[in-house]
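Chain naming follows the written order as A, B, C and D, and within any one chain the residues start at number 1.
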Amino acid sequence: SEKDREFQEKIDRGVRIEANDWMPEGYRKTLIRQISQHAHSEIVGQLPEGNWITRAPSLQRKAILLAKVQDEAGHGLYLYCAAETLGISRDEMTEQLLSGKAKYSSIFNYPTLTWADMGAVGWLVDGAAIMNQVPLQRCSYGPYSRAMIRVCKEESFHQRQGFDVMRQLCEGTEEQKAMAQDALNRWWWPSLMMFGPSDKDSVHSEQSMRWGIKQNTNDELRQKFVDQTVPQAEWLGLTVPDPELKWNEETGCYDFGEPDWSEFFEVIKGNGPCNKDRLAARNKAWDDGAWYRDGLTAHADKQNQQIAAE
Amino acid sequence: MDPIVTFCLRMGDTTLILGQQTAAWCGHAPVLEEDIAFANMGLDLIGQTQLWYEIAAEAEGKGRTPDDLAFFRTERQFLNAQLVERPNTDFAHALMRQYLFDAWHLPMQEALCDSSHEAIRDLAQKSVKEVRYHIDRSRDLIVRLGDGSDESRAKMQGALDALWPYAGDLMATDEVEETLAGQGVLPGLDRVRRAFDAETAATLSRATLTIPENGHARTGGRTGIHTETMGYILAEMQSVPRTFPDARW
Amino acid sequence: MDPIVTFCLRMGDTTLILGQQTAAWCGHAPVLEEDIAFANMGLDLIGQTQLWYEIAAEAEGKGRTPDDLAFFRTERQFLNAQLVERPNTDFAHALMRQYLFDAWHLPMQEALCDSSHEAIRDLAQKSVKEVRYHIDRSRDLIVRLGDGSDESRAKMQGALDALWPYAGDLMATDEVEETLAGQGVLPGLDRVRRAFDAETAATLSRATLTIPENGHARTGGRTGIHTETMGYILAEMQSVPRTFPDARW
Amino acid sequence: SEKDREFQEKIDRGVRIEANDWMPEGYRKTLIRQISQHAHSEIVGQLPEGNWITRAPSLQRKAILLAKVQDEAGHGLYLYCAAETLGISRDEMTEQLLSGKAKYSSIFNYPTLTWADMGAVGWLVDGAAIMNQVPLQRCSYGPYSRAMIRVCKEESFHQRQGFDVMRQLCEGTEEQKAMAQDALNRWWWPSLMMFGPSDKDSVHSEQSMRWGIKQNTNDELRQKFVDQTVPQAEWLGLTVPDPELKWNEETGCYDFGEPDWSEFFEVIKGNGPCNKDRLAARNKAWDDGAWYRDGLTAHADKQNQQIAAE
C-alpha cells in the first residue's frame, strides 16, 4: 500500500519511527516479539548468574555480580517499557513467558556449574550479546534504539568484568586454571549458537533487515565474535574447544567448526538442561508473590476510596 | 579482643549476613522492581560490610583481609545479630526482617555520625544516606502490605510474630559497647533504642499490625550464639574459598 | 582413570547423594513411619557408598580413604547420576526419585551379583537384599499414591513429569561400562535397561500415571556434569571437613 | 474406695498393671501425660540431631547419627503404642503436640550449633535421659515398662556413641578440642535441668512415686548424673562450667551449683531458643504431608469398595 511504501522510505532515509507513528502490523508484531523476547532473556538471565551470588568467593566479586544481576533486571525493565509503547502490557508479556509461549535466549537454559562460569558467561555470553546488540542501537524503532544504547553501555562493562574473572583464574592455581578451561569448554558452542542458525536457515532475517530492525546477518556477527574472542582466549592461555579452528590468511578471519544445531533446536523445543528449572523458578516467584501484588492493589484501592470519600 | 574489633565485627557480620540473605532474592522476588530493590540493598550492605571489616582488620593488626574475615571464620566467631540470619521463609519475612533491621540501623548510623573514632564516623557519614533510603522503602511497604488485603495483613503479622523476638538482639549491649560508649566511639546508644521503639510503634500501628507481647526474648548473636539456620548460610557462603583455600579470586 | 575406579565412583557417588537427600527427610516426613523408612534407606545407601568407595580407593591406589572421596572432591569430580541430586521439592518428588532409582538399582545389583570382579560381586550380593526391600516399599507407595486421591495422583504425576527425563542418566553408558562389560565385570547391562522399562511400565500403569513423552533427555552426571542443585548439596555436605581440613572425626 | 485400695495393694506387691486391668482415672491420666510427653520428646528430639545428618564430617559418623535419629523415631512409635493402650489415639496425641498443648522435653528447645553438639547431646542429654529412664523399666504399668526396656538398651548405646564423638574431638586439633569444650559449656546446665526442678517444687512427684510410676526424686537422679558425668569430663580433659563444682569427701558425692531455674521456666513457657522453630518444623511436616495421608486413605477406601463389590 501507499502507507507501506512511505513507511519504507522513512526507514530507508534513516528516520526513527516513534510510538505514535503509523507502522505496518508486521513491523509492530516483529518488534513486540523481538523486544519482549529480549526482555524475557534479561529476566531469565538473572537466574544462572544469580545462582552464584550467595557463593561468590570474595566480597568484591559478590558485589560486582550482584550489581550485574541488578543491571539485568533493569534492562528487563527498560525493554518491557519499550515493548509497552507498541501496545502490549507487561502483564501480558509476563503471562507469555510463564506459560512457556514466549521464548527467551536459549543460552540461559544451560547451568552455571562452577565459579568460573561467572567469568565465562560474562566474557562469552555478554560478549555475544553485545555483538548482537550494538547494531540494534541503530534500530529503526526509536524507543528500542534508545533502550539498547543504555543496555549496550552496561553490557560492555559486564563483559570486561567477566573477562577479569577469567584472567584472575588463569593467573591462579592449577585448579583455578582448569576450572576456567572447563568453563570455556562448556560455554563456547552455546555462545556461538546465540547468533542463531546460519542465515540460509533463518526465518525472519530478510524482512527484518529491510525494516531496519536487523542490520547484520547471523553469520556475519558470529564471525565477528569468533575473530574477537579467539585472541582473547589465547591471551588467557586457554584453548578454544574447536579442532577446526584455524587462522585463514586469505580471508583475514578465523575458520571454525559448525555448532551442533540439533542441540540448539532441542534446547529451543524445551529440552535443554535447565528449561524446566528456569520456568519453574520464574513461575514459583510469580505465584509465591501473588499475595504481595494483591496486597499493594488492595492498599491502593483503599487509598483511592478514601480520597474519593473526602 | 580490642573492643573496636569486636564492635566492627558485630556490625559487619550483621550487614554481611543480611546482604547475603537479601541477595538470595535476585530473580525470585514477586515483581521485577523488588528484584532490583533487593539487589540494591544487598549491594549497599555488602559495601558497608567491606568498610566495617577494613576497620576491624586494621584495628586487629594481624594482617587479615576483609575476605579472610568473611570466608575463614566459623559460626561461633560470627557476631551478627540473630535477626538477620532468620530464614527467607517467604517475601513477607524478608520485608519484615529488613524493616526491623532498618529501624535500628538508621538511628545507629546517625549516632555513629558523631563517633569520636574517625574511620567509624566516616563510614557512618558515608552510609547513612543509603540507610535512610532503605527505611523509607521498607517502612512504606510495611504500611501498604499490613494495611492491604486480608491475606497480606496475615502474612505480615505472621512475619512480625516470628521476627519480633529477634529484634532485641540488634540492640543487645555488653561491656564492649559500654567501653566504647565511655570513649565516645559509640555515642547516644540510649537514643537508638528509643528511636527504634518510636519508629516501630508508629509504623506498625499505621500498618494495622500488632506488636507481639512476648518481647525481645532472643539474644546471643553478638557473642557468637546463633540459630540453626546460620550454619547453612555459612556453609553456602564460604563453600568456594573453603574448597580452594590457596586461591585468590 | 582405571575404569574400575570410574565405575565405582559412579555407583558410590550415586548412592551417597541419594542417601544425603533421603536422610534430609528425618523428622520432616508426613508420618512417623516415613521418618523411619527414609532414615533406614539413607543408612543402607551410606553403607553401600562406603563399600563402593573402598573398592575405588583400593583400585586407585593413591591412599585416599572413602571419606577423602566423599568430602574432598569438587562437583565436577562427582560422577553420580543427575536423578539423585534433584531437589527435595516435596515428598512426592522424594518418593518418585527413590522409586526410579530403585527400578534401576535392583536389576543393576542383580547383574553385579555375577560380576567377574570379586569385591564388586561381594558388594552386590551383600546389598541386593536391601535393594529388593527398598523397591518393594517404593513400588507399593507409587501405586497407592498414584491411584489414591485426585491430589495425590496429581502430585505423583507432577513428580514423574519432573524426574522422568533424568532417569536415563542412571543407565547412560560409555567406554567405561563397555570395557568392564567386555571383562565380565559388568555382565548383562542390556538386561538392566529392559528390566527398568518393564518395571516402570507395569508399576506406573497400575499407579494410573502417564509416562512423559519427552524421554530420558537429561544425561551428563556420569561425566561430572550436574544440575544447579548439586553445588548446594556438596557445600552443605562437605562444610565441616572443608572448614577443618586437618581434623579427624 | 475399695477398688483404689486394692489397686494400691497390687502396686505395693509389685504386680504389673496391664491395659485391661482396672485403674484409677488419676493413674491413667498421669500415665497418658507422661508417656505421650515422652513420645513427643522422641519425635521433636529428631530435629536437633537431624540438623547435622547432612553435615556429619565422615561417612561413619553420618551413618551412626542417622541410625540414632531413626532409633528416636522408633522410640516415639513404641511409646505412642504404649499410650494408646490407655485409650488415647496417636492422632489425638499428635494434635496436642502440634497445637502446643502437650509438652516435650525442654532440652530439645536448645539449638545444635556445631558438630561437637552431636557429641554433647549424646553424652549429656542421652546420659541424663537414661538416668531418668532406667527406673521406668520397673514402672508399675506393664506396657510402659516393657517399652522402656527396649528404649534404655538403645539409649545407652547412643550415649556411648556421643561420648565417642567427644573423645575423638578431645584427641584432635586445638580447634576440635575448643569445639568440644564449647559444647559442654552450652549443654551442661540444660542437661541438669532435664531432671526437673528440685523435688520441693515439683508438682506431681509424690503421688507418682506412690503409684510406682516414679521411683526416684529429681534431686537424687540429678546427683547421680553429676557423679557419673564429672569424672568422664575429667577423663576427656574438659572443664565442667560450674565454679561451685567440688568433690565432697563426707558425702562421697560432688557438690554443684544451682541451675538457672528462671531460664528453665522461660523455656517451658515457650520462650526457649528453638520452641517456635521446633513446633513450626513439626507443623510444616504434618501440613505438607496431608496429601500423602489422604492419598493412602483414598487408596485404601477404593480397595475396600472393590472387595465389598466382589
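To be clear about the criterion, a residue touches a chain if its C-beta (ideal position, glycine included) is under 8 Å from a C-beta of that chain, and two chains touch if they have at least 3 such contacts.
Not measured: the values here are computed from a predicted model.
K.L.:
Could you tell me which chains make contact with chain A and chain C both?
P.N.:
Looking at chain C and chain A together, the chains touching each of them are B.
K.L.:
Go through A-B and B-D and name the pair with more C-beta contacts between its chains.
P.N.:
A-B
K.L.:
Round to the nearest whole Å and give the separation of the Cα centres of chain C and chain D.
P.N.:
Spacing between the chain centres: roughly 34 Å.
K.L.:
Chain B to chain C: how many Å between their CA centres?
P.N.:
Going by mean C-alpha positions, chain B sits 41 Å from chain C.
K.L.:
Which parts of chain B, given as residue numbers and ranges, touch two or more other chains?
P.N.:
74, 231, 235-236, 239
K.L.:
Mind pulling the residue numbers of chain D that touch at least two other chains?
P.N.:
55
K.L.:
Chain contact graph: line, ring, star, complete or other?
P.N.:
If you draw each chain as a dot and join those that touch, the picture is no line, ring, star or complete graph.
K.L.:
Using the touch rule from the top of the page, what pairs of chains touch, sorted by label?
P.N.:
So, checking each combination of chains, I get A-B, A-C, B-C, B-D, C-D as the touching pairs.
K.L.:
Which stretch or stretches of chain C touch chain A in the complex?
P.N.:
Chain C reaches chain A through residues 74-76, 162, 165, 214, 217-218, 220, 225-228, 230-231, 235.
K.L.:
Looking at the complex, which residues from chain B come into contact with chain C?
P.N.:
Against chain C, chain B makes touches at 74, 231-232, 234-236, 238-239, 242-243, 245.
K.L.:
Give every residue of chain D touching chain C within the complex, in rising order.
P.N.:
Where chain D meets chain C, its residues are 43, 46-47, 50, 53-63, 66-67, 69-70, 73-74, 76-77, 80, 115, 168, 172-173, 175-176, 281, 284-286, 288-300, 302.
K.L.:
How about chain C: which of its residues touch chain D in the complex?
P.N.:
16, 20, 23-24, 26-36, 39-40, 42-43, 46-47, 49-50, 53, 66-67, 70-71, 90-92, 143-145, 147-149, 151-153, 155, 236-237, 239-241, 244, 246-249
K.L.:
Per the contact definition, I'd like the list of chain A residues that touch chain C in the complex.
P.N.:
48, 51, 55, 111-114, 182, 186, 266, 270-271, 273-274, 276-277
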